[in-house]
Structures are given as structure tokens and as C-alpha cells.
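Below are two complexes that have chain A in common, paired first with chain B and then with chain C.
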Partner chain A sequence: MIPSIKIARKYALSALLIGIFVIMATIPGYIAPYGPSERFGGYQTPSTAHIMGTDDMGRDIFSLLVHAARLSLLIGVVSGVLAIGIGVIVGLLSGWLGGIWDDIFMGLTDTVLILPKIPLIIVMAAYLEPGPKLLIVTLGLLSWESGARVVRAKVLQVRTMGFVLSARCFGFSSAYILSREILPVLFPVIVPKFVLVTASAMIAEASLSFLGLSDPTMISWGVMISDAFTHSGFIRHMWYWWLPPTLCIILGVCAITSIAFLYEGRTRELIQL
Partner chain B sequence: MMPGNPIVHLIGEDIMVTPELVEELTATLGLDKPLHEQFLIFIQNLAAGDLGYSYHLHAPVAELILERLPWTLLLVGTALLIGYSIGVLAGAYAGWQTKQKGAKALTFIGFIISCTPPYLLGLVLFSVFVYHLGWFPFKGLYTTPDLASIMWHMTLPIATLSLFIFARNLLIMRGSVLTEKHQLYPQFARSLGASKGFVLHRHVMKNAILPIITQFAIDFGFILSGALFIEIIFSLNAMGSLMYTAILNHDYPILSGLFLVIAVMAIGANILADVLYGIIDPRIWREMQ
Partner chain C sequence: MLILHADCIGKEYRKEGHKDLVFSSFSVDVHMGETVGLVGPSGCGKSTCARVLAGLEKPSRGRVLYRGKDIHTLTRAEWSQFRREVQVIFQDPVGSFNPTQTIGQSMTAVLKHVHVPGDEHENELAHVFHHVGLQMEILSRYPDQISGGQAQRAAIARGMIMQPRVMILDEPTSALDVSVQAQILHLLTYVQKEHKIAYVFISHDIDVVEYMSHTIVKMQEISCKMKK
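And now, the complex of A and B:
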């Protein structure tokens, strides 16, 4: 058995990073020295007044960075919730009903699995009105397949186990058994999947904002990088403009993903013991 | 339904035209028909190998994509070769010798890179090697159309994509080798006196490589879209840049054509993975017979 202190230390760095980002997202007004639309002189180098300088429109880059956390995290988490919700429903029904429903749902899952997601979202975002809502819905609708697969596998594994059989003998309805008996067992396989979907949604958001496929009035880390790329931040060697949001995305995704890996690693070790 | 009318984009926003002319243009482009009819026409043309016509670039979409496809394939193909071979070897080492410092460092680097969206990796390398050090050219596929110039221009984009593929495969291979390591057969081979390296290369790697092939089928779409973004960063006139200008200009025929080509390539990658699987794992053939 691993001592629990060691587990806590393993999670500490990721938890700290995620904590900082969540605080940035919830109360940006208290951390950022300026509002996201306050303007100063454009293209300023870092100084005591603006610790990361200002961008092309004269907005304080550090304040933008803090305010951008909200949208970036929100898109990731909400599409993660949506994807896992669909995945759990599809996986539960597929594993529980079996037969032709299983074939239909798994066929659907395999189709979604090989769809090239980012190109598809690009096409959809170009046709429809781009914005956070569209991103959340399309990311959610396209990322549920891995969740559905693990949930189905787990349902198949537990559906013939004693506690499920006895619940059926007592005459509980399928809905009751699925929600009260099977859903809690699924928790350990859902958590890492949710976390990974959230991380990949953050990556997708950053990529699509970079192409300009997001609401131009809202700020996210991807939008900041895109601004720096298209408004001569690179030619002016303004690394303090694009590097902070880049690091935020990388650190955010790393922290979230590492929680999934640590969690999966822990359960695997426990199973082996 | 969508922001920006293709007709307005086609003639330019500051040009005044009569409403009749706009109507006439809409009718000739078939944009006045209901969506399902437009879709039927698209499918009919598709069967004849016609992906539509880009009114922006004044060329058939199929031609535009075919012109740029070889460059994208060059980028993706070279990066796949480099990334997979180094990634699999490094991952096998990292999984086999988990306790060594080098293996731990490799795993850590691989983890960080695989968390980075490919285009951000490209931006970082671009900024360091092009803007700050000036070792590589700013943009384009070549300055003079010869091999040396193409190689000079392609080095950094290929390095970016290879690095990304390398990191993903390193992690998958490491996990896979770790699982195989605790099976009985490598321990049995060791007890017969086979050296550690021999067991890894002759026995463990063959089994551990199967998840890599499964993952290739799933990853291919992701790697391809990564390549498109990298082309945009390095301003290579290939499929990615075509997509970028099409987004900016609302050039729908190009976007749907590109998506179709990408989807077909992803399906092709899946078929390839299935075939490879059969070659590497003889049990699959035996089951089929």
C-alpha cells in the first residue's frame, strides 16, 4: 500500500495549479489590476504598471490573462460534462439492453471515434455562428465515444454480479438499478475520462480560437495567442504577449491530465494488490 | 443561419450592387435552393469526382486540394516515420527501465509535449528558431524549387510534428511495455538465461506494439489536423493554409471538400491499421480461418 501522504504529494502540484486557475476564473476582478477593456498605450514593454506589457489595442496583458481563464476553463469543463453525460447514457443503455441496441449504439460510437474531430468542428463553426455555445455543443457531441466504451465494458462486467442480480430479484425497475446500483460503480472509470475530455476540449478551444473561430468579443487564452500572431506580436519579439497564455494552456492541460493519470495509476495498483 | 453572406464576400463589402444582381448571382450559384436540395446537388457532383468550385480562388476545389495534398502528405509522412520510430524505441526503453533517471526524464518531457496543442509547439519553435535565432526561413515551401531549399524550409515544421507524434507514442509504448513486463513469458525467457535486451527486443516489443497500431487509427485525424495548424504557423502553402484562407473568406466549397478529403484519409488510416494488425499479430489470421 502506498502511504496516503505520498498520494497527497503526488496530487499537490496539479491541485495547486488547478486551484490558481479556478480562482482566476471565478474572481478575476480581484486579481487583475485592470479591467479587460481598459485601454492604455499600445505595444508597451513590461513595466511596473503593466507587468506583462500591453497588446496592440493597449490592453494590459496580465489582466487579459486573468480574465481569459474563465472562458477557457468553462468551455473545457462544460463540454466535458456534456460528453460524459452522453457517454454514460449511451454506455449504460448499450451494456444493459444488449442485443440490437448494443449493435446500434456501438456502431454509432465507432463512427464518432474515427471522425476527424477538429476539422469537423472547423467546418461546423465556419457554417454556423462561431461562439462558446457552439464550441461547447460540438465538442460535447463529438467526444463522448471513449466514455461510452468504458462505461459499456464496466456495465457488461457488473450486470451479472451478485448485487445487481439480487436487486433484480427484489423486482426493482431497470431505471432504479441503473441509477442506484450500477452508476456508483461506474464512478472510478468515469472520472479519468471526464478529466481527459475536459483537457482535450481546452486544446480544441485554443486551436479553434487561433483560427479566429470564436466570438471576437470574448477573451480566452487561445484568442490572446491568435491576436499576438495576427497583430505582429511575433515580429516585435513580444514574447511576454503570447508566452503567458501559451504556458497557461500547457500547464492547465498538464495539471488536468496528470490528475487522470495519477487516479488511473492508483486504481490499477490497488487492483493489483 | 451563418454570419457573412458568401455573395457579399465574393463581390466585396464596399461595392454597391443592385438587389437584382445579387438575386441573379444567388440563383446562378444555386444558393436560393433549400439546403437539402443543395446537398443533393453536392452529392450528385461528388459521385462524378467534382468537389465544387471555389469562386474566391476561381478554380475547382478538387484541383486546389490536389495541388496542395502532396505537400501535406510530405509533412505528415516524414513526421510519422520519424515520430513513430523514435517514439516506439524511446517508449520501450522508458517502460523497460522505469527506475533510470534517463527514462524518468524522457517520460516527463513526453508528458509535457503531449499536453501541448501541436500549433503551440510550432509557435514556440517558430519564435525561438526563426525570430530569435534566425536559423530557418520565415515562410513558404521553398525559395528556389530544389531539394536543398525544400529541406531547409521543411525542417522545422517536420521537427514540430515529429516531436508531437514522438511524445504521444512514447507514452503509449511505455504503458504497454509496463503491462507486458509483468506477464509470465518475459520472466520465463529471463529464467532461461536470455539477456534483458534480448527479451525486450525479441519478445516484449512485438506484443507491446499492438496498442500503438490501434492508437494510430484513432490518432490519425488528430495528427492530420495538427499538421494543418503547423502549416498555418509556418505559412506553408499546403492544405492547412488553404483551409485558413477558406475560413477567412467563407469559402464553403473548399471547407467541405477539405473535410471530405481528411475524412477519407482517416478511414484509409483505419484500414491500414487493420491490415498492419493482421500482419503483426498472426492470431487474427488464425481466428479468421
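And now, the complex of A and C:
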């Protein structure tokens, strides 16, 4: 009982923060006092009507902050799902098939690993229409390599273990063994990898938005910081404009990462199989 | 009747350009209902040989024949039959079960695989568990929540579901304490008498092998075959 209370306490703060962000992302209309495109007087300081003031276009900053959660989390989570999905498939096949297939898949993985991601995304954004879809696809397609390597290493370790050899003896198909016998054992390494990729995708989204390489009409925390920078928010010392989205990114990434580390810590026995 | 025959098999692994020979020129005949003991010091290739005999690895040279046919040239249907009829019991009984599944889930997966209808699973499990002397209550436990002896009995029960003709027992008692070893050996003897299963019994313990086997093959002297 006592250890479970301790674990619950460790998770509590991270879970609370993630819970708040998820609520902001799913029902922003119930939390934000105004719509994201409603306009008032520009550059207002915090007041009872606008607790974080207004931006250059007169939009309520608190309302923008709430509405921006959806896109920031969506880009992070969907990129994470895409990256870990590709990574798991490549890692499983590479470790299981071995031989020439292992060489091909790992060659591909090493190629993606050495690609400079941000410069590549900048070039892609210059030629393609920047927006959430491009960010999700690009971040997802360029972030699977570390997951693939971890999964492959684990498959190489697990494939000679008794329970996998037993499954082969019973005549189960490779697809069955990979999906039902090996994949569940890999969850303790896949889940932390997924949340870390999600966190790094959120940072990448903020970085690219700050560089002005995302759709300027979309509302995300990165775009809010970029707007504050390019529309005199920093010069006017409007910390209430750029600081809240910055804190949301930092707290979101920290909460997601700490959940990953706590999960990894709890499942260490299974990881060390 | 000869059921499994290894014809001058050898196994080597390629490591960084050079070949690492595990064992070579190993031949053995396994007859229906008999036990062939395979004995040798640690590292002589007994477990590798077991995997080759079970079709889990291809031999680098020689052939393994099951019912007179090379197991690596079998048709799909013949391979399915081979997979059903040749089972392996591994040294680490707990490690033979998936750590993320309960014993019941592992058992049910095999029952589904051999197309036993869902409403007959409980009766089938009760039957094999009674056979190996296990209580049904362990079905809800995970592998690390049962003893080594229970895990080895459960592994034998799971193998029995397939109704095998040959069982390759790779050091089945070496991870168990002496009293449990004796129980497992008695169980294996009883199962063999009941079902006329052929055993390939692998161990580094010559006394255990002598107790269990009709024929003994020493791996360090591969060409030497001793008849008891």
C-alpha cells in the first residue's frame, strides 16, 4: 500500500499538468473567456477583463494560450505515434529477420539518424506549404530512428529466450510471435521512447514556429512566442505575452518526460529481461 | 520404429569473417517411445544440437530426418505436423513462459493454436494439469509467481497439449533443486509410458542421463555411442 502511494505521489504532479493541458486541448471553449479570433484593443496590459492582456491584434492572450494547447499537443502526440509506429515496425523486422534485411533496415536507420532535422525541415517548409500536417509528417518521418534501434536491440536479445523459442516450437507464425509474444515485452522501452519523441516534437514545433516556418494562421504555443518576438512583445517588455506559452512548453515537456522516466523505473525488471 | 535421425550434423556460426564451430559430425537415432541421453560437458554444443534437432536452427552440414524426411525440405503441411509432434522443454522453466502473460493465457494460446474449441479449454487444461500434478489455481499467476518445479510441470503440460511424438528435454532439471528434480524425472517417465513419447534427454549429469535413457550419446566423443 505504502509503495503504491509513493508511486502515485511521484506521478501526481506530472499527471495533473498533463491532465490540465489535455482539458485545455479538448474543451478550450469552456475554459477560454474569449474565442481565438475575437479582437479588443491591442497591447493591453493584464486586467480583470484580460488576465494576460492582449496581443498586437487585440486578441486575449489567455484565450490564445488555451486554444494553442490543442495544436501543440496534437503535433507532439501524432508525430510521436507516427515516429514510434515506424520505429517499432522497422526495429521488429530488422531484429527478427536478421541477415540482409537487418543490414538494409539499419542502413536506412543510420541514414535518417545522420540527417540534420531542423535544416531539412526548413528546406521542406520553404518548398512545401507549411502547416500542422507538414510538421507532423516531417517530424514523424525524421524521429523514428532511435526507437527502431532500441526495439531492434531488444528483439535481438529476446528472440533467443525460452518463451520465444517455445512459441516457435508450437508452430506460431512470425507475425503472431512478433505481435503477441515479443511486442508486449517491448512496451517498457517503447512507452518512454514514445513520450520522449512526443516531447522533442513539441520542442521542434515551437522552434520551427519561432523561426516563422509554420503556418502563421495556426495557433500554437510556438507561434505565440514567435508573434511576441516579431510584433514587439519583447521590446515592450510584455512578459505576460511570451512567458505563459514558454512555461506551457517547458512544463508540458517536463511532465511528459518525467512520466516516461517514472514508467521506465517501474518496469526496469522487465526491461532487464 | 525410427522417428528422428540426425545424419552427421554440424553447426557453425560466422563471426566477423571467421567460422566458430560449435559441434560437428553428430549422428543420433531416436526411436518411438525410447529415450536417447545426450551428455557432455558445458559448452560442447548440447543445447545448440537440441535446437537443430527441433528444427529451430538449420544445421551447417548434415541433415535431420523426421519420419525419413529432411525437416528443412518438408511441405507446409508436413512442417506443421513436425512442429506439433516435436516439442522442446527448456532448461529455464520460468523463462519458457512469456513474462507478460499469465500461465493460463500461455496455455490458452496453445489450445487455440491447435483449434480446441473455447468451451473445451477448461476441461482440456484440467486433464493435462491433473496428468502433471498441478493445481488449476496457478493459471491466474504470472511465471515469476510460481516455483521452478511448477513452471517445469506447466511447461510439460503445455507441450502435452500438442500431443507430441518426440520431446527434446534440454537440461530439464538442472535449474531445479534435488527433490524437485526427482519429481520431474518421475513425471517424465510416467508421461513417456502413458503416451509412448520419444525423449532426447540432454544433461551434463551422467547419473541423471543413465537413469532416464535407453541409449546414451556422449558429445565430446561424438562418434562413440554407448548402449546401456
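For the reader, a short list of remarks on this structure follows.
In this section, the second predicted complex is superposed on the first by the 265 of 273 C-alpha atoms of A that agree within 3 Å, B and C clash if a C-alpha of one lies under 4 Å from a C-alpha of the other, contacts with A are read in each partner's own complex, and residues count from 1 in each chain.
Assume contacts are C-beta pairs under 8 Å (C-beta built on N, C-alpha and C of every residue); 3 or more make two chains touch, one makes a residue touch a chain.
All values reported here derive from a predicted model rather than from experimental measurement.
Looking at the superposition, the partner that touches the larger set of chain A residues, chain B or chain C, turns out to be B. Of the two partner chains placed around the shared chain by superposition, chain C is the only one that A:Phe163 touches, whereas chain B remains out of contact.
Touch criterion met: A:Phe172 reaches chain C, while chain B stays clear of it. Look at A:Val185: by the touch rule set out above, it reaches chain C but stays clear of chain B. Of the two partner chains placed around the shared chain by superposition, neither chain B nor chain C is touched by A:Val22.
When the two complexes are laid over each other on chain A, chain A has no residue in contact with both chain B and chain C. Within the complex, the chain A residues that touch chain C are 161-163, 165-172, 180-181, 184-185, 187, 270, 273.
By the touch rule above, chain B contacts chain A in their complex via residues 1-3, 111-112, 115-117, 119-120, 123-124, 126-127, 131-132, 217-218, 220-222, 224-225, 228-229, 232-233, 243-244, 246-248, 250, 252, 255-256, 258-259, 262-263, 266-267, 270.
Only residues 51, 54, 56, 79-80, 83-84, 86-88, 90-92, 95-101, 106, 109-110, 113, 155, 158, 162 of chain C touch chain A when the two sit together in their complex.
Contact residues on chain A toward chain B in their complex (touch as defined above): 113-120, 122-123, 126-130, 199, 203, 206-207, 210-213, 225, 229, 234-235, 237, 239, 242, 246, 249-250, 253-254, 257-258.
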